[in-house]
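See the structures that follow.
Each of the next two complexes has subunit A plus one other chain: subunit B in the first, subunit C in the second.
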Partner chain A sequence: MIAFIARRFGSGALLLLIISTIAYFLMFFSASNVAMNILGEDATSEAILAKQQELGLNLPIFERYWAWLTHAVTGDFGISWFTNEEIVETILGRLPITMTLVIGAILIAAVLATILGMTAAVKGGGIDRLVQFLAIAGFAVPNFVVAIFLVTLFAINLALLPATGWVPIEEDPAQWFLSLVLPTSALVLATVASAAQQIRSAIKAVLEKDWVRTLTSRGIPRREILFKHVLRSAAPAGLTVLSLQFVGMLGGAVIIESIFALPGLGSLAVESTSKGDTPVVMGVVVFTVVIVILVNLVVDLINGWLNPKVRV
Partner chain B sequence: MTTSTTAAATHGAPLVRRSLLQRIVRNPLGLGTSIFLFLVLAIAILAPVISGFDPAATDTDNLMVGPGGAHILGTDSAGRDILARLFFGAQTTLISAVVVVVTAVSIGVPTGLIAGYYGGKFDGVASWMANMLMSLPSIIVLLAVSAAFGPSILISMFVFGILITPSFFRITRTAVMSVRNELYVDAARVSGLSDLRIISKHIFTVVRAPIIIQSAMISGIAISIQSGLEFLGLGDTSMISWGVMLNEGFRNIFINPMLVLWPGIVISLTIGSFALLGNALRDALEDTQKLSSKSKKVAAAAQAEVDHSAAPADAASHLLSVSKLSVGYPQGDGSLKKVVSDVSFHVDKGEVLGIVGESGSGKSQTAFSILGLLPGNAKIATGHIVFDGNELVSTGEGAISQKAMTQFRGKRIAYIPQEPMSNLDPAFTIGYQLVRPMTEVLGVSKKEAKARALKLLDMVGINNPERVFKSYPHEVSGGMAQRVLIAGAVSCEPDLLIADEPTTALDVTVQAEVLDLLRDLQKRLGMGMVLVTHNFGVVADLADRVVVMQYGRVVETGEVREILRSPKEEYTQVLLSSMLEGKTPMTMLTGNAKEQ
Partner chain C sequence: MNLSKRIGAGLVAMALVGSALTGATPALAANKTDLVLGSVLDVKSWDPSQADIGHMAPLYQAVYDNLILRTPDGKYKPNLATSWKLNADNTEMTLKLRTGVKFTDGASFDATVAKANLDNFIKGNGPQAGTLAGATVAVVDSTTITIKLVDPNPELAYYLSTTDSYMASPKALGTAGLKTTPVGSGPYIFDAAASSAGAQEVFTANPNYWDKSKIKFKKVTFKVMADVTARLNGLLSGQIDATILDTKTSPTAKSRKMTQYLSNVDWQGLLIFDRAGKINPALKNVKVRQAIAHAINRPALLKALQNGQGELTNQVFAKSSPAYDTALDKRYPFDIKKAKQLLTEGNATGGFDLTMPAWPDPTMNAVLGDQLKAVGINVTWVQTPAADYRNALKTGKYAAGLFQLFQGTPWVAINQMATPNGSWNILKSTDPVIDKALASLKNDASEKNLNAQAKVINRFLTESAWYIPFFRVPQLYFTGTRVKTVNQAQNAIPYLYSYAPTGK
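Presenting the complex of A and B:
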């Protein structure tokens, strides 16, 4: 068990190293104009040179990368080139917003997808075809298009919900909740149908197992077989589906946060990449990859725990 | 996903060559989506000719004109013609899809072929890299790329093609691994073909179908990502695209919500068409015969042609009476493929009835009918099943009332399956799977049920009941698992035991022990028993009477001794002689019906 976790942390660290290296060298290409971007169009060339020196842009790329890496492993991601804010602080301030959005959306999607997938697998017929149709529709309409239509309908035409913006929970819990409704719905709507379809397949596969027939022959009520035994056996496949959806939602949050003007990690990523704020982009990349690695690790651990053959 | 695509690989490959296009066109969904996508392609190519307006020409006199008039769909915030921009946007969309698919296929397929064919270190490294790419939120990477190289949609799509490579890599690898050790590949290897020849000739045909299907799906995803990037304002603003139109529309959404409508619709329709085309391709390649509503009606009609005779008058005098039972599966053409036809027999209290036949003779389907455990798509066309005076099935019902069955299952009719290991839920302990039916059916406390379970385990000859009680199914041997299943079947002291090939999956030495156990339990509990087997030896050992089945029909019925001494039917003689030679019955006589 401990060896398993250690191995996963090892491969996670390696993954993080590779990704951050690639990202850093990619950002190198975008850093050429950054000093002028910071100082503005009218800055003198002396001022630009001084700024470049200050940011260390005159140093060789490997030296800069090494400096970044040695600081990053100690948890020091430096300060933003544009705002001079501590990057770790900025990210930790924005992380809760993205996490509220994504975790809320994945939980709602998980419950809905399980109910839909289970019903489709067990009942078949009309509801089965409906889930298949919704899966195609969910695939066809990208989450940002869903978001735009939600805004048009609920915020503009019906004026029921705020179109954009974010209210902290400590300021006004009701407004906080309302400001989350549309972005969360957009993420849920775009993922729930395809997750439901995959969970449906997983449950269908379990329903065909011999032991389902044997348990039925023993007089166990159908409902108990479905909710205790079948759901349990389909859980690993379902969790894997949901973990992939979670990664997809992290990406989706980038666009959704921009649409709804939510000050989360995603909008930070868009702002900092378009400006070329290398240290901030690197921080966002590292945090995102760490979240993905942790989610995958947790899912693997749960799946291991669910499987008595692996459980220790 | 993987299994279905593998299935497509093995069954679909030869069909690609023959008439893939015909098959797709015959499918209404395939035809519709093909026409739509062809239209998009035609519009993209002909955009400069058919547009009528310069898509980039601004017209400050006609800002945000509504639909109708010279501008059919109106104009945007800069007075540009929306229809013309939609037409030109199709170019960007299709180019993006092509760049992504070409990139991903040309990296993913060769690496998948090599990894699947040779395995080893390359496979390990490639799979690790695939997993790594899969775990990345691609939009974050694409943001970094667009920051690095500027807003070039071609570069972004190339990078996205790399990011999505694992989907082709995995499909190819799985398909190749499934055929790598097939006989025809071995034969090719033995006959001295080079690996390159084998891969290109034999293996590539197998992976072609899943790659085509996946390409359609990935095209849809590519369009979604591309328009998403442009919507964020990270696209090439000099290019006209649907994503840019969405972006502009969204900025003016309070003024004119219609501006986002058109690009939103065409994006969704195009992605949806690719997804549906992928489904149509899959159906065409797998050649699945789906039940249309029309054929369902025919199936219902086939089912309706039943006799309305009542159960035989003496049915109630037997423990179990099966009369004129027919079971079938609805086929794609609306007919009912019968696997059991007109089967009648009865079992009395304390009597053992053997049902003998080869695979596909319908004996297992008969057994499942009695338990009400036929697969969901099976239909009982005709017949009556009466258990101890209770009608479980009567003609015309088509299926057994699950509610009526629950009062008998476990309590009065019990079942011993064929494969011990696959008939225990791997996620629950053996103890739980013994205790729970007793608390449900007998209404006893958990404690009492546990005491009974331990006694039962002891009774079926398990040396260490406490240990087995706590074990998970994977921790015991096949023979032990079968004893557990027997213990479970008799745990509520049923009147009738249905044993479906109870010894077939076991070692020869264990077989004899399990048969002894069954005989002993049957005598001690005075149970009636239906013993389904292909082995006349088992019948001779246990049964009082025997029913011989072939092709879903009863060939011969009688006392075991009589049939052993003087079988009347030729088929029975064949079965018997195969037993006397000490072999299992030859399968040459087997019908094409597959036993469930």
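Presenting the complex of A and C:
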């Protein structure tokens, strides 16, 4: 198991290096005149030149990349070109918002999708058709439409929940919870539909296995077969889907963050990329890749625990 | 009950249960002693040398005092300077300073501090540093300073009432900390613990502020909301008290009894940079530029782009400007026949090709492209990321481009569009008419002559079609029921001092 984890960490570090290098050079080739973006339309050419020198934009790209890399490996991501804030501090301030949103949504989606998927697979008939309909609807209706519907109904018309914003849990736990209800719901509704469909298919496939019939013929209670054996066998498929959904949500949360004015990592990434704030973009890239690597590692470990054969 | 109703009812039930479980009321509106503004932007740096106008102005005003205050109608009032006087040739201003003013860190304000701040602005390489380029500041005595300019500037008071004179504490000035934590003498104190760059900036009332009439709220919060839908939802739900919307979202706000404050601070249109014909020879002929102006169906553009909201115009100066000329707004009626005739007279019979960067709104490109094609002008739109659009125009490789420009005071507008080094005179065009007007201003920069020369320049810019405005863009600012405000002359949004509770 230790060798397995070490291998995953090694490949993760290599992946991180490759992705961050590509991202840095993509930023370079797509970047506009950052100094002018910072100084505004009325800045003189002398002022723009001075700002470029201040930011080191006059240096060769490889020299700039090497400087960034050697600082980044020590955990020093520098400061934002636009806000002058420490990048690690900025990201750590925003990460909890996105992670709370995404982890909350994925956990709720996992529970709901498992219940719906299992019910559809076992009961069949109308419930099965309903789950399949919801899966299609989930794909067809973008989460921003769901978000706008939820805001209009619950925040504006019924005035039950806040329309926008984020309240830190240490400030007010009740308001923190309420500020999460609508954005989390918008993410959950889209996710649960597709995940339920996948889980339904996986459970249905397991239910058709010979060993399930054998267990049934031995008189083992249906409930025990389903929850102890079938669910465990079908879990890897469900976990894989949910881990992919998690990664998708990390990127997709930006739309939800925008609609609900949540100052999360997604909105930071979009703002920074559009402005050409390379140090922030690189910080976000590194943190996001690390999160994705860790999530995949956790999923692999759980899969390995559920099915020892995959550890090989 | 059909499926959608069932789902809707279920969601309502879930929300009700959630609300009941917490036993709490949602965070809807702040109480009337709090002001919450939905801000499109956050500041880039709290160092006053990096200050900018427009959406950023109220943020800086929360914590910093200007030397001169600008009232909503554009007049000037004493602030940290109690009086000021420009010399006869508008090259030197003497300012008398207020005594007894303290910064929130305990430092005192005096002439030395004012000079240090102005020097910081001049040398700070900020977005507006060019407005005081080369100026020197001298301390006359502890309450008097002089600002000596390189070139005459009859509207120095304007700049000193906006970006150029935000006063920071001398203890903070020059430190790295000032970039993220402002320390001023203004009506509010920055709450670093409650603020987060790019998310929200929070200020609490300064208990020792020298002018209590400027403090109308105990707390001011700027919530950074780039998305217009989020701002609309925040306003309708009472989470924010005021924000700027657009023509698509404003009907909803109006239908919900939000108060609208309409102003036309910017104009939108075509900027012909290449009046010398170096990039596109056809544009050298004034008749060709005038043909373009006649080929544009402005009402159709306004309807397509702004839901018909806004004011059609042919000139770049605002209605409130002394340079404004009513007759010029009718100079270029939509007339295809006339446009074709002018193209022929301008040696561009049948039209010509024109390459421009694609405006971020594709509707504009489609409608304008069709209108110009009707007279034979074939536009090639070069796809350009929205964030790079302005920079693309500034590279100087395009003969023309679409843009939205601020309608400043006469002096600001002249320096923006007409002078050889004007920020939007990108290819540095010159003309004897402009040269003569600028020479006249150099000799006599009195208000009377400034207004007269601005009129001359306005007429020239319109007649020569250096710029082809389509319409003045409506700035649709809204407040909820509990706060009121007043539009600010020549600024996209109201100044912070203009907000007050309605008492509701």
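One rule holds in what follows: the second predicted complex is superposed on the first by the 304 of 312 C-alpha atoms of A that agree within 3 Å, B and C clash if a C-alpha of one lies under 4 Å from a C-alpha of the other, contacts with A are read in each partner's own complex, and residues count from 1 in each chain.
Just so it is clear, a contact is a pair of C-beta atoms (placed from the backbone, for glycine too) under 8 Å apart; a residue touches a chain by one contact, two chains touch by 3 or more.
Keep in mind the model is a prediction, meaning the values are calculated, not measured.
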item: Simultaneous placement of subunit C and subunit B on subunit A, clash or fit; value: clash
item: Touching partner for A:His71 - first (subunit B), second (subunit C), both, neither; value: neither
item: First (subunit B), second (subunit C), both or neither touched by A:Arg7; value: neither
item: Partner chain(s) touched by A:Arg213 [first = subunit B, second = subunit C, both, neither]; value: first
item: Partner chain(s) touched by A:Arg129 [first = subunit B, second = subunit C, both, neither]; value: neither
item: Subunit B versus subunit C as contact partner of A:Pro221, first or second or both or neither; value: first
item: First (subunit B), second (subunit C), both or neither touched by A:Val151; value: both
item: Touched partner set for A:Pro162, first subunit B, second subunit C, both or neither; value: second
item: Clash-bearing segment of subunit C, relative to subunit B, as chosen among 1-9, 307-315, 415-423 or 451-459; value: 307-315
item: Subunit B and subunit C footprints on subunit A, overlapping residues; value: 30, 148, 151-152, 156, 258-259, 274, 276
item: Subunit A residues within the subunit B interface of the complex; value: 11, 15, 18-19, 23, 26-30, 124, 136-137, 139-142, 144-145, 148-149, 151-152, 156-157, 198, 201, 209-211, 213-222, 229, 232-233, 244, 247-248, 250-252, 254-255, 258-259, 269-270, 273-274, 276, 281, 284-285, 288-289, 292-293, 296, 306-309
item: Subunit A residues touching subunit C - in the complex, by the definition given at the top; value: 30, 32-33, 36-44, 47, 50-51, 54, 80, 82-85, 90, 93-94, 148, 150-156, 158-167, 172, 174-175, 177-179, 181, 185, 258-261, 263, 267-268, 271, 274-276
item: Contacting residues of subunit B [partner subunit A, same complex]; value: 1, 128, 132, 134-141, 143-149, 220, 224, 227-228, 231-234, 246, 249-250, 253-254, 257, 260, 264, 267-269, 271-272, 275-276, 279, 368, 371, 373, 376, 402, 406, 409-411, 413-415, 417, 419, 422-428, 433, 436-437, 440-441, 472, 474, 485, 488-489, 492
item: In the complex with subunit A, residue positions of subunit C that touch it; value: 8, 11-12, 14-16, 18-19, 22-24, 26-28, 42, 44-45, 52, 125-131, 133, 176, 179-180, 196-200, 223-227, 229-231, 233-234, 236-240, 385-388, 390-392, 394, 416, 423-424
